[in-house]
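Only one structure is covered here, and it is reproduced in the block below.
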Amino acid sequence: MPITILPPRSSRPINSNNNSRLPQEDASSSEESDSDSGGGVDLDGDVPMRPRQQVRTTFQARPPPRDLASAVVTPGEVITDDPQWMRGHGTYVAPQTTAIVSSVAGTVTRTNKLLSVRPLRARYTPEVGDLVVGRVVEVQARRWRVDVGSTQLAALPLSAINLPGGILRKRTETDELQIRTFFAEGDLVVAEVQQLFGDGGAVLHTRSLKYGKLRNGVFVAVSGMGGGGGVVRSRRQVWTMDAANGGGQVDVVLGVNGYVWISKHVETPEAEATAAGGSITNMEESLSATVYSSQNDRIEVETMREIARLRGVVMALVENGLRVDEEMVIKGYHEAVEMAMVSPEGPDDIYLGGEKGQQLAAALTGA
Amino acid sequence: MASSQHVLLSPAELAYLHASLSLTPPIRPDGRSPTQFRPLVAETGILPGTNGSARICFADGTEAIVGVKAEVERTAQRPGEETVFLEEGGGGDGDGDDDDDEEGETGAQGDRRKGEASWVEMTVEIPGLRDDDSGTAFLSAMLSEALLADGEFVKRLWINRRFHWKLYLDIILISPPLSYPLPLLSLTTHLALLSTRLPRLKSEGDEDPFFDDDWAAAPYLFPRSSSSSATAATNTTATKQPATATRPPITLLVMAFGNNIIFDPSKEELAVADVALAVSVTSSNSSSNSSGDGENDEAASAGGRSLRLLSIRTIDPPSRLTPPGVPNAANAAYGAAAALGTQKMLEARTAETEAVEGVWRAPRGGAKRMVLGALVQKTLERGGVVDEVLDALEGVDLG
Amino acid sequence: MTDRRRINGPAGATIPPIFDDQESQEPKYSKGRSRAPNASRKMYLKTGVTPSASGSAYLEIETSATPDVSGLKLSCSVHGPRSLPRSAPFSPHIVLSTHVKYAPFATKQRRGYLRDPSERDLSIHLETALRGAIIADRWPKSGVDIIISIIEGDQDREASKLQGDEVWDMMNALSGCITVAAAALADAGIDCVDTIAGGVAALVQDAGDDSTPSIVIDPLPSDHEKVLAACCIAYMPTRDEVTNLWFRGDLPASDMDLYTTLVEKGIQASKNANRVLVNCLSETLE
């Protein structure tokens, strides 16, 4: 069947994400360390919104030291007029008053005496230490400008990458002249946020074996999901997993900014070096050999198929408003493999759009 | 300024796409089969203020709305044609939807109904693009070309010798263009035209037209055939001649990659295409067409519609503008020491002429005519994609 | 709001009358094609006509035998390759921009000075055709502008009905544009994989609605009673590749042979034009 045309649903179009948003909310906010249990957050409101209701029940269920004083507020809504609170992001203080008013629609979070509102949907706001996937959009004299899905392009200075040619060394004029041989426009890099500017711009670095140019795989942008959105900050953003159906090993990089990279697993230079019994210098050399390459390795058909399936899982998670992290992706992937086993097209059926995606999401939330 | 938008992808991504799409069968990034379309949500009659409207939303979030408005306009009289005076009119056969009359007359005194391309005005609006952007002009030219190609459509807008309907088709892409929007806009336009109704004419002959103000009695611009049982029940009152089942055209985007032919390519797939074509097709069961009557009958007896090819355009694939990959052999940042200048140049030169596996190179030159032929053939084959798409579109409820 | 300061014409469109000078509903010239179905019109092509441009060419197509039908006259100038403005993003390829404009007096209906949608459409077609021929990665970070003025279009001044004809004229104009642009590009010394030329073939009906349609190359719409379908092809003979295919008309989909023949004939027309192009380029060198 080449085309499926569905009748419209009553309220929102397909890629709505209002359903089962809760696990994500739960997971992300449980990492906040809220210690103060003092009130002051206006939880009353006459708009019966489901997320708030449920958040509130979880809040009541938790012990007081770890309470979640979160509720959905809208711009202009007074959060508190108690002067003991400090205003944070997403709020402002109305002139001549002490009232803290929300300036975005989102959930209230509290850190000690600081009140801030996390928007429900927003672009990525970088934080130091975030692992991000970005695309080089501009090459300047001594740095690259990288699109990380934030309000500002991030900067990757030439001094913040590992230069080829063995041990860590200073950059030279030659490096500046051939800056485009390292990263050019369009290249994808995985990097870490090293520093933040006041205007929200980030400075990245790739001074680690884990970071560098991305090859051998596919890119998915999970955008418009807000505050790191579909991808949530978690313990591990990068992992290697065994693919089914003889697909070998597959690497998944979930950038905190919502950019995802799925690729064939290639033995790291580190492992190669130890296998060959090489020295540290050898390791450095082999590092520089592959880190700036734009040539793909040979990839088997089975691996490609599983990579496409994983991409489908990520897209299905996003389209159905589920969080994207290691646990969900792996669970979803196994579910997808099983679904394909029983599908009439056989295990090679990797399509996970439309109804199949909903099926997958239902299976995941039901479990 | 190209006919399709430029996408920024890294050479490694392009090489991967190249590798996965050149397999048989190809592995598309979203797992679809080569002929599969993205799932979509469609509805018609969403704008009560229009004569016909439709909305389509693709699963990736691209969404388009089309509104059709009709106005009565005086037909400009041309010298050399028989000038019409009011007294003289009085054919008595003008009933707003007299296609069968027309067919009867065709042989006797020539085609009485005439249409002009200027009776249809089509505008395409794409957010983020200027009104006078060439890409928008190209899109709207392509869509209106398909509509006007056979000259039959504008004849439907004829009221009498002094008046005609002027049809305004306004196509608006609501979301940013996440992929080349041609198939989306074409399908939406198709549905909007299917749901378009013009008021029933009450006047006769060449007098100033006046219309029945009962909207329920307004006939469809494209009368539904009685055979499509799914929706016929609601509109049988409006349809008067079940013989014609001509449909508005649809334009499909097809791309070739190596030996693979892929329908409805996404943005990424288009970025590695060897060649991309926009093929406009319509279906008709009417026997009023002068050429190929025998084939039509044959097709009708074969249990289906007969397809007609209306237009083909080459879409400039963005693949030619993609950055080339650098093979490891010629990469200055590859290996511990940078190669010597001359040697590097030599290597770079061989790299330009020879394809290295796993390295992306932008395609150069055009397409073999065999490939183009195969693309068109695959699109038009009986029981193929077009048939299925038309079937699916017919299943959409005309609200 | 009406304009009360001037005396206005009647509302609604009118067309100035043309008076018949003889007892004539009949056209003055005999309709019909004087060439063989496989013959193109004669073509004059010359490069280097605009010394100030990097490359230029002029193309003229033979005026038809009938006196009031003018032939196509095109002039093309190529500016570049030149460096992109500082504000432009980096490009690993040459940035091609095409610009096709009818002179205001080129057609029966006067054209404005601003490019209308059909002219924009033509420029896109031209760009698609040329992009496949140019070796774009030889000229990184540079741009080239190709500007074509259609000084005179293929127009039949006597034809009273406008219907449909302009569309077929556009195809003729496009094929001329492709050929002249290829000559100008070669004159400018921009690397191309092959010489590219345009050709048009059409399926026409000459004797009433019931006659058998025939295929002709390089058609003049005024020569034929009805044009059923036409295609314009940009073709590179050495590589045997098509970079642009534009088909329009109404063909039964079951009859692929008709379509294939039409395309083949278009390629043949393009080969004819290509011979002129190659000759012209080699003459320039002598």
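We call the chains A, B and C, going by the order they appear; numbering starts again at 1 in every chain.
Keep in mind that, in the parts below, contacts are C-beta pairs under 8 Å (C-beta built on N, C-alpha and C of every residue); 3 or more make two chains touch, one makes a residue touch a chain.
Chain by chain, the UniProt names read as follows: A = Exosome complex component N-terminal domain-containing protein; B = Ribosomal RNA-processing protein 42; C = 3' exoribonuclease family, domain 1-domain-containing protein.
Bear in mind that the values here come from a model prediction, so they are computed numbers and not experimental data.
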| item | value |
| --- | --- |
| Central chain of the complex, centres being mean CA coordinates | B |
| Pair joined by the larger number of C-beta contacts - A-C, B-C | B-C |
| Chain centre separation (chain A, chain B; CA means) in Å | 37 |
| Chain centre separation (chain A, chain C; CA means) in Å | 51 |
| Distance from chain C to chain B - Cα centre to Cα centre, in angstrom | 24 |
| Set of chain C residues in contact with two or more other chains | 92 |
| Shared-contact residues (touching 2 or more other chains) in chain A | 184-185 |
| Chain B residues counted as touching two or more neighbouring chains | 323 |
| Of chain C, residues touching chain B in the complex | 12-15, 17-18, 25, 91-93, 97-98, 115, 117-118, 120-121, 123-125, 127-128, 131-133, 135-137, 160-164, 167, 193-194, 205, 209-210, 213, 228, 231, 234-236, 239-256, 259-260, 263-264, 267 |
| Contact set on chain B toward chain C in their complex | 1-3, 74, 76-80, 114, 116-117, 132, 134-135, 137-138, 140-141, 145, 149-151, 277, 281, 289-292, 295-296, 298-299, 306-316, 320-321, 323-324, 352, 362, 364-369, 372-373, 376-377, 380, 382, 386 |
| Interfacial residue positions of chain C with respect to chain A in the complex | 89-90, 92 |
| Chain A contact footprint on chain B (complex, rising order) | 8-13, 15-17, 19-20, 23, 27-33, 35-43, 55, 57, 59-61, 63, 263, 322-323, 325-328, 331-338, 356-360, 385, 388-389, 392-393, 395-397 |
| Sites on chain A touched by chain C in the complex | 138-139, 184-185 |
